[in-house]
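Before I ask anything, let me first share the structure, which is written out below as structure tokens.
Chain naming follows the written order as A, B, C and D, and within any one chain the residues start at number 1.
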Amino acid sequence: MSIFVDSDSRILVQGITGSEGTFHTQQCREYGTNVVAGVTPGKGGMLFDDEVPIFNTVREAVAETNADVSLIFVPPPFAADAVMEAADAGVRLAICITEGVPTLDMVDVVGYCKARGTRLIGPNCPGVITPGQCKVGIMPGFVHQEGRVGVISRSGTLTYEAVDQLTRAGLGQTTCIGIGGDPVIGTTHKDCLERFAEDEKTEAVVMIGEIGGSGEEEAAAYIAEDYPLPVIAFIAGQTAPPGTRMGHAGAIIAGGKGTAAEKMKALRDAGAHVVGSPSEIGAKALEVLGA
Amino acid sequence: MKLHEYQSKALLRECGVVVPDGHVASTADEARACAAKLFDAGSARVAVKAQVHAGGRGKGGGIKLAASAEEAGELAAAMLGSQLVTPQTGPDGVAVNKVYIEAGADIANELYVALTLDRGRGCPAVIASAEGGMDIEEVAARNPDAILREHCEPGWGLRPFQATRLAYRLGLSGKAARGAAATMMKLAKAYGDLDASLAEINPLVITGDDGVIALDAKFDIDDNALYRHPELAALRDSSEEEPLEMEAATHSLSYVALDGTVGCMVNGAGLAMGTMDEISNAGGFPANFLDVGGGASVERVANAFRILMKGERVSAVLINIFGGIVRCDRVANGVIEALKTVAVDVPIVVRLQGTNAKEGREILRESDREFIVAETLHEAAEKAVAAAGGGTA
Amino acid sequence: MSIFVDSDSRILVQGITGSEGTFHTQQCREYGTNVVAGVTPGKGGMLFDDEVPIFNTVREAVAETNADVSLIFVPPPFAADAVMEAADAGVRLAICITEGVPTLDMVDVVGYCKARGTRLIGPNCPGVITPGQCKVGIMPGFVHQEGRVGVISRSGTLTYEAVDQLTRAGLGQTTCIGIGGDPVIGTTHKDCLERFAEDEKTEAVVMIGEIGGSGEEEAAAYIAEDYPLPVIAFIAGQTAPPGTRMGHAGAIIAGGKGTAAEKMKALRDAGAHVVGSPSEIGAKALEVLGA
Amino acid sequence: MKLHEYQSKALLRECGVVVPDGHVASTADEARACAAKLFDAGSARVAVKAQVHAGGRGKGGGIKLAASAEEAGELAAAMLGSQLVTPQTGPDGVAVNKVYIEAGADIANELYVALTLDRGRGCPAVIASAEGGMDIEEVAARNPDAILREHCEPGWGLRPFQATRLAYRLGLSGKAARGAAATMMKLAKAYGDLDASLAEINPLVITGDDGVIALDAKFDIDDNALYRHPELAALRDSSEEEPLEMEAATHSLSYVALDGTVGCMVNGAGLAMGTMDEISNAGGFPANFLDVGGGASVERVANAFRILMKGERVSAVLINIFGGIVRCDRVANGVIEALKTVAVDVPIVVRLQGTNAKEGREILRESDREFIVAETLHEAAEKAVAAAGGGTA
């Protein structure tokens, strides 16, 4: 079991012929992901790597290949439109890797996706991986291992760090989701927690938050309502100064709100196992779950 | 990107929001001349306002009233070139390079109105309060009920009835209510059209004859959207920016200066924050946040070294790389090559993990340069803090 | 029984202090309608006819009086905003009488109301009446009589004509709805047919259409799917020339589409009792239902 | 309200849509001068286009090509002042008062693109077809699959991906696809900004070098929205409007001239249409549609009589009033009073129903003027048709 993607997922890649799109599509295919179509307007009719058909529009790609998940590598000025096109074409899940999309574009996109019933993950995220089945993103596949823990994170490399620890601890992962580091994102910590609660194979969730926003607090409120799985949490940015953006567009303590301390307290009060250091994530998970 | 008051007001004026007459000045003479124009046009007094990005200017003496052009010139002379200290600046304050000379307003009532992103709802919201002219965060902390909100929903934006509703909830009526509602509609349009992340009018003044005037104004623009607003990008005041951060940005590095002793170079913003936290847990103090990004090419690493070594108190460097798509052996080679072009005269602790981490560590151990190599992040942080001379900040 | 409004409906009137609003609010109250609030920005705190509280905003009116239906007499430039305000405040049903609202305003309004779950009736309509219980509109109450037939119409006086015939025939009406004569309206013939099908007391439906649009054809397609009630239909404008607007903004045969002949054929094919003359409506209903 | 081609193209130009150079002319001399300018600027030929609201101008000889300014002048001289008959005008045609002189285009491909309201969906839609330059209704009837659609959803409008999708579905690619998509986005924006009910480019031309040009253009504006577009309201060409309908509109009466013999005066548009239908069922022919509105005051009734009696073939009048809020006795008195100021020398059949109908009928029966009073609409129609001399149309 898993959430969001599995071995039945049929992936289409928007922006498949760009340099990022090309490289990561190849990586995903090497991992075994079923990439059924690509979309680049003007390149319809060509083949990607001699095998994957390219279409001019997402609607056409979906009609011809039954793709149900779109992985999006479109540059920032066109990313919002690309996500909307995916939603309009009826894909179940759109995963937007693009970093640097204007915030107000994402406000519209998130509203549009909700109205269409399409789940959006990202933007500015590494994507989703269900180890052993399907990698839909830019994460290094080899650090992952099929297993027992669900992972949710706002960041990239910090997630790989946590995943690596889980793999070394022999726990492995069910599904790992990078929800993205922007102020407005399609899928929140809480959304993922809900889905993991319904997944039979997930025995615990590792949740990696960071300063800025209130997504972790909302997740904490949800966990406090008798959440069925143990949650191991880490919040990055305990030492970050207020009012300064720490890399991610969304990682900023604004107006005194969104500090790591607040988030850690909310999660601790909700019953999560909060660790103070990213290197303790694997050990804490092992302690909680047993070997 | 933050805009100055005088820039923000020019934008508001273009959107049809009423703002007092005013002119920006860089010298006392200019200020005097501007003030004279305003007095000639009938102003009873003028305000001399320091143009700095930090808030709380009033408390720091950055806003003064003058009863004559002469006095305005003197006030400007005192402000220009000085370091203005406000509750939002450090103790060193910020340099005042420009002043705004503005006609005084007839104030009957001061409101707060702003457009900003409500991250929890995922959409912009109008924030309004009858307690204008104050720091809104203080108002929010003291009396949360005094903060009124209306959301701009995706696809729909701010509807006129919402602005009208806010105006009545602010206790206005008649002409003042209509004027305030119209101002909010214009502000919301400007916020969207300009890709702002904040569009604030504080105070929004109701005059004695129920007119509505923006007496102070502040726009922050979404950096990610500047590509479609070259006219706004041109308004950037680089004298207000941190020079090292700007230099880093030109090399596509994300850098924030802090005041600790352990310089950091990490790939990924989340991991960079996590590394800072780990240093802190080990009893040390990070000297900076630095996300070297995905590639970690020789050039990027060299630029990263160059910038982080400008941190005056850096007495050790911690490099933390999680190799995913990037291979650690390449990063190790990149570090060695970069150090040939940049002088780094403090201990360097390196922690490589992920793809080819072992090979990377091997390369570092075998190089001429001495590295302190660590396997786990925890170990790396402890070694770096020790190398930097322990927990003394 | 009835649809949309009944004796429990709590009515608020937007634009209650305008001349139209004042006159018709008085008429509704004389009919026995429970008008619980009025809204006119700037007149909050006053009383209408010494009894009905006036508020500055609909939200306030709803919070204070639990109004669930809004009757709207706001002039065209402000009508769209007024309907949205009603929907935002959570009224169940908004009835917009205003004639002359720009079409593109209504496109937005109808979308907004759908997203909020508020039913809109109109604009450019006489409103809704459930005889003997509640009149929410500008129709002459006295021609109506509690009874057995549901009435749906795009027009005003032509509806009164039909209602009058039903009353004289001793059949009476359950609920009469003027859906409005504009090209974009909130509630269609089909929507009303669906509701009447669920109403125990309605034994037949009189449906009055006119040239323009395809609402009658959509209703016909719905009737053809085994609609449980007999439908008596009349289409006005059999003699109207193409390309010319006949009074109502929506009454125009455009591009050869929307003729009375097409609509009558569709309804006849669907099994409706189509009459060729407005004076036959009552007699046909009597024939279909029996005395 | 319909706009002429030259007006529509000026609007398109403002929105950034490429249109050929062109100038409007009211005289042959002006036309010659305009053409000379275009030839000077490098045109190989120019088009002389009659500016009338009716479509199908090409088929009626309203569009001609000229190879010289002299020829253009001659063509304009022939068109100006003539009655142009097209498939969309009556047999009398319409007067040509203006011609548009336009540079010829290099046509590689002709498309059809329009924004219009999709009443079934309740939102605007882009309609596009690769069969440009033809009457779109003919295309739709012959080959419905050739008509492509994308909807502009409430709150969202036309999204760029939809315009791109249409361009590819039209068989375009590369620069032409991008240009056509951009043109559709601009047309959709114009449609919304101008409160149009139709914004049509037919043909939208793809030139030999993959440029995109609007070769013909037509805007219809929503009359209900003209109050917020005074600049558009000023473009109304009253020479194209039916004079009686315009006169009726100034009195807030809704009037449409038809060619029968029974003049109608009814309250309510639906009932007015129903009355016409009833006359037709009785074997007669209505002379007009006339909605006298709610009030039916003496003045309105008098104006209504004045206008409907201008129908040349009117040989009887049928007044059909359903008294709701309006009382029939008042209407009866209004009719009697109005007839004192307007001469109506044909039989008048009156049918009053609703509030105080009986009293109203009594008033009419007792008046000096002779009325044919009917109770039911059916009876009224039969009497009116008989009074008008039976079914002879």
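Keep this in mind: a residue touches a chain if its C-beta (ideal position, glycine included) is under 8 Å from a C-beta of that chain, and two chains touch if they have at least 3 such contacts.
Being a predicted model, the structure only gives us computed values, none of them experimental.
*Asks:* Which chain pair is joined by more contacting C-beta pairs, B-D or A-B?
*Replies:* The comparison resolves to A-B.
*Asks:* For chain A and chain C, what's the span in angstrom between their mean Cα positions?
*Replies:* Roughly 48 Å separates the two chain centres.
*Asks:* Take the average of all CA coordinates in chain C, do the same for chain D, and state the distance between these two points in whole angstrom.
*Replies:* 28
*Asks:* For chain B and chain D, what's the span in angstrom between their mean Cα positions?
*Replies:* Taking the mean C-alpha position of each chain, the two centres sit 56 Å apart.
*Asks:* Would you give the residues of chain D that are in contact with at least 2 other chains, written as numbers and ranges?
*Replies:* 154-156
*Asks:* Return the residues of chain C touching two or more other chains; collapse runs of consecutive numbers into ranges.
*Replies:* 108, 112, 115 - these are the residues of chain C that touch more than one other chain.
*Asks:* So with touch defined the way it is at the top, what topology do the chains form here? Options are line, ring, star, complete, other.
*Replies:* other
*Asks:* Within the complex, which stretch of chain D touches chain A?
*Replies:* Against chain A, the touching part of chain D is residues 156, 159-162, 164-165, 168, 173-174, 177.
*Asks:* What part of chain A is in contact with chain B in the complex they form?
*Replies:* Within the complex, chain A contacts chain B at residues 27, 76-77, 100-105, 107-108, 110-112, 114-115, 138-140, 142-143, 153-161, 164, 181, 183-184, 208, 210-215, 218, 234, 236-241, 244-251, 255-256, 260, 276-280.
*Asks:* Taking the touch rule as given, give the residues of chain C at its contact with chain B in the complex, in rising order.
*Replies:* 41-42, 44, 56-59, 78, 81-82, 84-85, 88, 108, 112
*Asks:* What residues on chain B touch chain A, complex-wise?
*Replies:* Touch list, chain B to chain A: 117, 119-120, 122-124, 136-137, 140-141, 153-155, 192, 195, 197, 222-225, 227-228, 254, 256, 258, 266-281, 285-286, 289, 291, 322-325, 353-355, 376-378.
*Asks:* Touching residues of chain B toward chain D in the complex: what are they?
*Replies:* 154-156
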